[in-house]
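Pasting the structures in now, so scroll down.
You will see two complexes here that share subunit A, one where it goes with subunit B and one where it goes with subunit C.
For the complex of A and B:
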């Protein structure tokens, strides 16, 4: 059986191996992704984002258990930050998902962001594809703990849940642009703590201030993840939201944007590879030195490197 | 461009509730550029194996303080053999009496690090024994 056939059969080792390949050596993984692409597009992708410690892993765990009662198959991509110095990472999201580990219809993969900004890893979209092709009904993407502008999750998800908790700062934080604008559903987790009603009022106010053309008004829901409180209501809202997105055509638009972004990203990546293929490290270093010593400026450097790039490109074309 | 990283599952099987040591190791491996998947306390052998599969790790590091290592470790090794996952290197640490070490090694645990081991030694051991493309 080929690797892709195994993946289609839900073989978790095959899935895990291809994910590793995607992360380490994307060029070699591409032929497999090509084959799998035709089976993708069935899973609903749910992005779960929010600040560190707000309860994203716990909410993911509880929603997954809820879905398992309905016999839905679930994939989870749990992203944690990589060290900018060593490149290493401690991936600890599984701690909150221990009971899911031995459920054969749940596949969890912890992923290091590996220097990618925006709350995801560079490989996230491809990992979504692999889990989609293996037959998952729902795929959760749990982002790194985000601050104010890591909003890449909207570019790969159908629906986005923003998990917040009381006591994270004054109300001006809520009206800042960025992260607070991307939630389709707001989850006020740890709502047994002081300040949750105030936080809800603040989010409500912010939502009234945003003028959106869409008819969907993001609901704000209270949960206590650790106690499993509010999880069923939350899932009902996710369903309502996906229904709305499908009927209104918004889901189609989002997926269209996602596809556009994917093509653009792949294009960018292949040119990046070519850059390093055509321009030697020494050549690049030479320009870096010149600019550093004020013998030249970066704009001229790019012009010079582009000339080398083009020359090589034409040579390759001959 | 290839950007491989050594992936290590740090697991705590058995019933003891202290993971300070496991966390120190996790941190040291992270600082050595590895991706460490930490799964928390009280893991069953089944959970450890399944997590190792899904995370596609190169190394499983078992930490145990409870004294149940002669019961739990063989189970884990046997399960790895049954599932043809012997390409994963297993190392262990914690409170393990010297007289048990040689038997555990014979069983297939590649190395055992007792309390007081310099974390650099563990990092070096992993890097020497794991080849990633």
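For the complex of A and C:
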């Protein structure tokens, strides 16, 4: 069996192999991804984001167990751009999911920062594709924090859950406008703590300020993840939301955005690779030193480097 | 007086004007930045990062007041990649700094996400340049969170303070390896709370694991920002650290990295702009739809778009 056939049969070792290739040697992974692309588009991608400590992992864990009871296959991608690592059970949070890792119909993977700009987004999209092709019904993308790189990644989900908790105090800023806007469903986790009603009122107020034109009004749900409270109601809302998104054509638009982003990321990465192919390290260092020593400015340096880049490109094109 | 002369004279309205230009119309801002570049390199850039709620703004505020007593001129840049806004006093935190905003020798500016990829880093570098040229002695770059985009920005500081606080619980993950490594000085703020000694022990252990080859061993300092406790000791450590960095040549290396990043960011942005100039929206949409409808895959789409891009570039070069 070929690697892609193995992946389609759900062979997790084959999946792990291709994901590692995506991270270490994207050029060689591309033909496989190309082949898998035709089997994609079936999985629903659920983004789960929110400030650190709000209990995103617990929510993901409980939702996964809920779905397993319905015999659905699940993929989990943990996005951690601040981690230089990627791979298996590295995050402390992952430990809590240990009982899931023995379930062959659940595939968990962390995606770390792995060097390249744009790489986080590119890697995540590739891992989604692989999990989709291996037949997962639902793919959770869970972020560690709420930085811009995480938001960029989560934006391309089909549906986004924003998990918050009472007692964040001043840190209501972490769920401010920019992030509020991407939430389709709000989850007030750890809702047995003081202040959850106040938080709900604040979210309602902020949602009112945003005033989306869409027909979908993001519900705000209470959960206590660790106690499994509110999980089934939450999932029902996710289903309701995905139904709405499908019927309204909004999901098609989102997937279009995801595809556009995927194409642009791939484009940018390929040109980035060319930069380092066409411009030698010595040449770049020479410009850096000149700028640093005030013999030139960075804008002229870029002009010069762009000229070299073009020249090489022209030569290659001949 | 020209705009750049006004900026060099510390005219804050001229400064604000150029910063707005940087954000809205970088092409037109470039000649001014080019002119200012020769007056740069004097300011020390101090990065202040750490998880939300650790009190970074308070530390920045108190350090600024400390420096003002020594008659030093200060610039403050607040990085908030999750905010679609940029400009003046938008963040809740900024409100606490209101008494600083009336001080003409303190210049405060927020930098938001403003669309473009790489733009956050580019804007921040430009604002540093402008504040440097206007004669600031110290420039603080403060982040809201600890996402990858913030880390990328803060990395280019001359010296980095990592602010944490006791009681983050599970969220010790937010100060894990990737972020630990960039801290030159650790600040355990809110150290009057329970658990600060435990936190210090944990940081020491983690620092031990990193085992840098450098001679500089990051000190771990206790502060209570709101009470102004520990601020003078902290600043002495910052001075000690910058002295070390200068003497060891490490600061030169960091500025070299900053310059390299600046050049690469500018390069990438200019090619990004060309993409949208050479490839029409309709053309891109056509490919997106084809991929989405499974008539093609994204890798082929990129190949096709790259060919169009090159063709246009060749035409332009003729």
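Before moving on, here are some points about what is shown:
Basically, the second predicted complex is superposed on the first by the 286 of 318 C-alpha atoms of A that agree within 3 Å, B and C clash if a C-alpha of one lies under 4 Å from a C-alpha of the other, contacts with A are read in each partner's own complex, and residues count from 1 in each chain.
Basically, a residue touches a chain if its C-beta (ideal position, glycine included) is under 8 Å from a C-beta of that chain, and two chains touch if they have at least 3 such contacts.
Please read all numbers here as calculations on a predicted model, not as lab measurements.
Touch criterion met: A:301 reaches subunit C, while subunit B stays clear of it.
Looking at the shared chain after the overlay, A:25 reaches subunit B, while subunit C stays out of its contact range. Between subunit B and subunit C, the partner in contact with more residues of subunit A is C.
With both structures placed on the common chain, the touch criterion links A:37 to subunit C but leaves subunit B unconnected. With both structures placed on the common chain, the touch criterion links A:109 to subunit B but leaves subunit C unconnected.
Counting contacts by the rule stated earlier, residues 82-83, 85, 91-92 of subunit A appear in both its interface with subunit B and its interface with subunit C.
Only residues 12-13, 15-17, 19-20, 23-25, 82-83, 85-92, 94-95, 98, 101-102, 107-110, 112, 114, 273, 276 of subunit A touch subunit B when the two sit together in their complex.
Contact residues of subunit B toward subunit A in the complex are 1-5, 7, 26-27, 29-40, 43-44, 46-47, 50-51, 53-56, 132-133.
Chain contact summary for the complex, subunit C toward subunit A: residues 30, 33-34, 37-38, 41, 51-53, 81-85, 91-93, 113, 117-118, 120, 144-151, 168-174, 176-179, 252, 255-256, 259-260, 262-264, 266-268, 270-272, 275, 284-285, 287-289, 291-292, 294, 297-302, 305-306, 310, 313-314, 317.
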